[in-house]
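Across the two complexes that follow, subunit A remains constant while its partner is subunit B and subsequently subunit C.
Take a look at the complex of A and B:
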C-alpha cells in the first residue's frame, strides 16, 4: 500500500503532534469552514439572499425540528427511503444471482444495467403518477430502480469471485441447493456484496430526496425546494443541513457496519 | 519499455471481460435482440394502455422536433452543461483524488469527508447554485460539476491505491522526474479505474443536469420534457425519454468499451 516515499513524508510532520491525527484535522476543517462561513455571512461578504450565518441556521433548525410538520416530512422521507431500499434489495440480489447463474445473460445485459446509472428514470414520474396516484408510490419505485443497480452488479461480481474450491467443497459434501446457497454462497459473498448494499442504500437516499426536491408535495427534500421558491433562505438552509446530516450519518453507520461484517466474515 | 510497465499493472478482475472475437460478436447480436425486445414490449404496452404512446408516434414527434429545429437549442444546452460540468469535475477531481490516494494521512483525513459528500444528494444545493449563477447553463454546469467531482475523486484515489508498489520503485530506479512518473507510470497503471471514474462521473453529471433542468432552466431537454408533461403531449414525452435514454446508453457504451479495451490491453 504505502510506498517508502510516503513513510518518509509523514516522519517529517513531527512525532506526537495533533496535526498527525486525522480525526483532529477533520474536525478542524469542519469548524474552520463554519467559522469562515459565519464571518463571511456576518460581514456581508456572502449576501443574505444566498446564505444566512450558520448560527442562525442552527436556531432555525432548533425551532423547526420539534414541529409536527417536520415529523410528518421526516417520517414520509424515511419510510420512502426504507421501502425503496427494501425493493432494491429484494429485486437486486435475485437479479445479481440470476446474472451469475447464467453468465451469458450477465455478459449481454451488463452494459444495459450499467447504463441504468445514467438513466433518467425520473422522466417516468408523470406516468407513474397517473398509474399509482398522488402518493409515495412513484418516488419509491424511482428510488428503488436507482438502488437495485449497484446491488445487482456487486452481487454478480461477488458471486463470480467466490473461490472455486468452495463450489467443489459444497459438491463433495453433497450439499442440498438450500444448503449451498445459505451455508456456502451467502457467507462467502456477504463481505463482497455489502459495499453494493451500502451503495444501494445511499442511492435510495439520493433518489428519494432528489425526487422529493423536484416533484413531491411532502418530505424533507420538498421543503428545501419550497423554501427556495418562497425565498426563505434560512429555512431552506435548515432543511439542507437536515439532508446533509442524514446522509452523512447514514453513510457513517453503513461504513461502520461494513467494517464489522468484514472483520467477522473474513 | 511501456509494455514492461503495463504488464505489472494487470488488474485482477480482467478474467470476466476477456473473450474470443466470435463470442463478442454473438454477445452484440444478443444485445441488439434485447433492444428490439424492449421496443416490442413498449409497442405492446402502448396497445393496451392510454398512458403509453406507441414507439412510432414517439419517434415521429421527436423527428418533427428535429425537423423544425426547435429541439437543437435544448439539446445543445443540456449537452453543454454536461460536458462543461464534467470537464470542471475532471480537472478538480483527478488531482485531488490522486493526492488523497497517494498519501496515507490525506486519505485518512479526506476519505470520510469525500464519502459523506458522495452520499449526500447534491441536487439539494441546486437552489444555491441558482442564486450564484442565475437560471441558465452556468447553474446546470455547476450542478454537473458538483455531482461528478466526488465519484471521480473516489475512483481516482482507489486507482492510486491499487497501483503495484513496484511501479513507484521502478520510476525512482529509472530516475524519472515527477511529471514523467505521473504520465508514464501512474496514468497508464490507473487507466482502468480512471475510466470507471469517468463513466460514473458522466452518468451522474448527466442525470443531475436533467434533474436540475426540471427544477429551473431556460433551455434543456429536461425542461422540454417538463413542458411536454404540462401539455400532456404523450408522444413528445416518450420521444424525449427515448432520446435521453439513447444518449445515456451510447455515452455509457462508448466509455464502457474503452474501459474494457484498457482492461484487456493494460
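Take a look at the complex of A and C:
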C-alpha cells in the first residue's frame, strides 16, 4: 500500500511546482547570490578592496568588452586554449592508443603519466619563459601537457574496456587495420573517451588562464592579474566574470556534445 | 589418409575437410594440447554439431575453420582451398553478444558486407532481406540496447547470413539464452537453414539441441581432443515440433549422453556426475 503514500508526498510540493524543476532552482541560486553580494558590498560588509558590487562590475564590463584591447586579449586567450587543446588531443589520443596497443609500454609509462597528472606542471613555467621567451609558446606547451594527460589515460582505459568479443568479430570478418580502428575500436571507445576529452579541455583553459595570470604580455588572465596587482578591484572582477562566462559556455557546449554522442552511440 | 586426399578430389571440392588438425597452446605452464589429430568432413549442405565436455577444444576447432586461429598441426580446407586466414565465404556467430551497440540493427546486419566493400544500396538491400528472414522486420532502426538477448542473437545470425557464407560457424550461439527462447530460435534456425542450404558447424553442449538440429553430431573426447564418434542423426526433415518426442530422438539422445558422460568423467573424475 505504498502508492497512496507517494501520491501524498507528490502533492506536498505540488506536481507542477516550479521548485521541482532543477534549472529553475539553479537560476534562483544564482540570482539570490548576486542579490546577497550586491547587498554585502553596498552595506560595507565586504570591503571595496575585496569586491565591488556586481552591478558596478557589469557596468565596467559594458565599457571594457567593446574595446579593441579586449578583443585582442580575448583572441589571444582563446587561440592559446584552442592550440593547447588541439595538441592535447593530437598527442593524447595516439599516446593512449600506444599505451593500450603495447601493454608493456603502458605498464612502464603509466606511473610517469599519473605523476604528471598529479604534479603542478605550471611550476616549470618560469624556466620555459627563460628558454622560449615571453610569448604564447610556454603557455601552450604547459597547457597542452596538462590537457593531454587525462585524454591519454581515458583513451587507454576506454580501449582496454572494449569487450574481447568485438576484437574477435572484427578478426572473423577480416577487417583491415583501418576498418578495425574506424568502424569498431573508436566508435566503441568514444563514449568512454569523451569525459577525458572534456577534462582535457578544462585543463587547457585552467592552464592558459593561470599562466597568463602569473606572467604574460596579453590575454584575459594577464589582465585579471594586472588589475589584481594594481589593486584595480572593479576591472579585476570584470575579467574574472569574463573567465567565468567563458568556462560556463564551454562547459555547456561540451555537455551538449557529450549527450549527443552518448545518445548516438549507446 | 593420403588415399582420401588423392582419390576423392571432386567430392572434396564441395566439402569442409579437417586433415589431422591439432592445436597446441604455449602457456606459462608449458604446452597444452587443446585439439589433437581431428580428421573429418562436413559434406555440402550438411548441418554438423560438435558436442563434448567443457574445455575440450570445441571452440578452438571452430576458430580454426573460421581462420582466426592457425592450427599448429594439420590443416583445414574449404572446397579444396586451404584455410590460411578469415575468408569471405565463412561467417561466425558467437555465444556472447557481439552486436555493435552504436549501430542500428540494419547497420549491424550490414557490417560484414560493409567490411567487404559492398555498396551502401546493395548491402542495405541484402541486410533488409536477412532482417526479414530472422523475423526482425520493423526493428531496422532500433539499437541493440533496445533489444532482448534473443533478438540480439538474431541480429548476429542475420549479420552472418548476409555475407551469404558457404560455411556458417556457430559457437554456442544460443548458450546465453533461456530455454524457451533457445528452442524457438533453434526452430527458426532450421527453417532458415532449410532455405539457404549452406553448411553449418554448430558448437553446443546441449545434446537435445544437437540432435534436433543436426545431420551429424561429432562427439569430442576430453583433452587432448579427438573426434571420438560421429553419430548420424537419421531423423526425417523437416522436423516439426513433436520431433523431440519420437522414440528415435530419445534413442539418439541417450546414446550421445552416454558418450559424453564417459568423457566428462575423465575431466571431472569418476563418479563426478553421480554426486
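Here is the rule we go by: the second predicted complex is superposed on the first by the 248 of 266 C-alpha atoms of A that agree within 3 Å, B and C clash if a C-alpha of one lies under 4 Å from a C-alpha of the other, contacts with A are read in each partner's own complex, and residues count from 1 in each chain.
One rule holds in what follows: a contact is a pair of C-beta atoms (placed from the backbone, for glycine too) under 8 Å apart; a residue touches a chain by one contact, two chains touch by 3 or more.
Because the structure is a prediction, the values reported are computed rather than measured.
Legend: residue contacts after superposition of the two complexes on their common chain; A:148 is shown touching neither subunit B nor subunit C.
Once the two complexes are laid over each other on the shared chain, residue contacts for A:236 go to subunit B alone; subunit C is not touched. Contact with subunit B, but none with subunit C, is seen for A:127 once the two complexes are overlaid on the shared chain.
Once chain A of one complex is fitted onto chain A of the other, the partner contacts of A:29 are limited to subunit B, with no touch recorded for subunit C. Once the two complexes are laid over each other on the shared chain, residue contacts for A:139 go to neither subunit B nor subunit C.
Ranking subunit B and subunit C by residues of subunit A touched puts B first. Of the two partner chains placed by superposition, only subunit B is touched by A:118; subunit C is not.
Of the two partner chains, subunit B is the only one touched by A:160; subunit C is not. Counting contacts by the rule stated earlier, no residue of subunit A appears in both its interface with subunit B and its interface with subunit C. Contact residues of subunit A toward subunit B in the complex are 1-3, 5-6, 9-10, 13, 20, 22, 25-26, 29, 49-51, 104, 107-109, 111-112, 114-115, 117-120, 122-124, 126-127, 130-131, 157, 160-161, 202, 205-206, 209-210, 213-215, 221, 224-225, 228, 236, 239-240, 243-244, 247-248, 250-252, 255. Chain contact summary for the complex, subunit B toward subunit A: residues 13, 16, 19, 27, 30-31, 34, 51-52, 102-105, 108-109, 112-113, 115-116, 118-121, 123-128, 130-132, 161, 165, 168-169, 199-200, 202-204, 206-207, 210-211, 214-215, 222, 225, 229, 237, 240-241, 244-245, 248-249, 251-253, 256. Listing the residues of subunit A that touch subunit C in their complex gives 163, 165-166, 168-169, 171-176, 179, 183-184, 187-188, 190, 264-266.
Residues of subunit C touching subunit A in their complex: 66-68, 85-88, 91-92, 94, 96-98, 100-103, 111-112, 114-116, 143, 145, 163.
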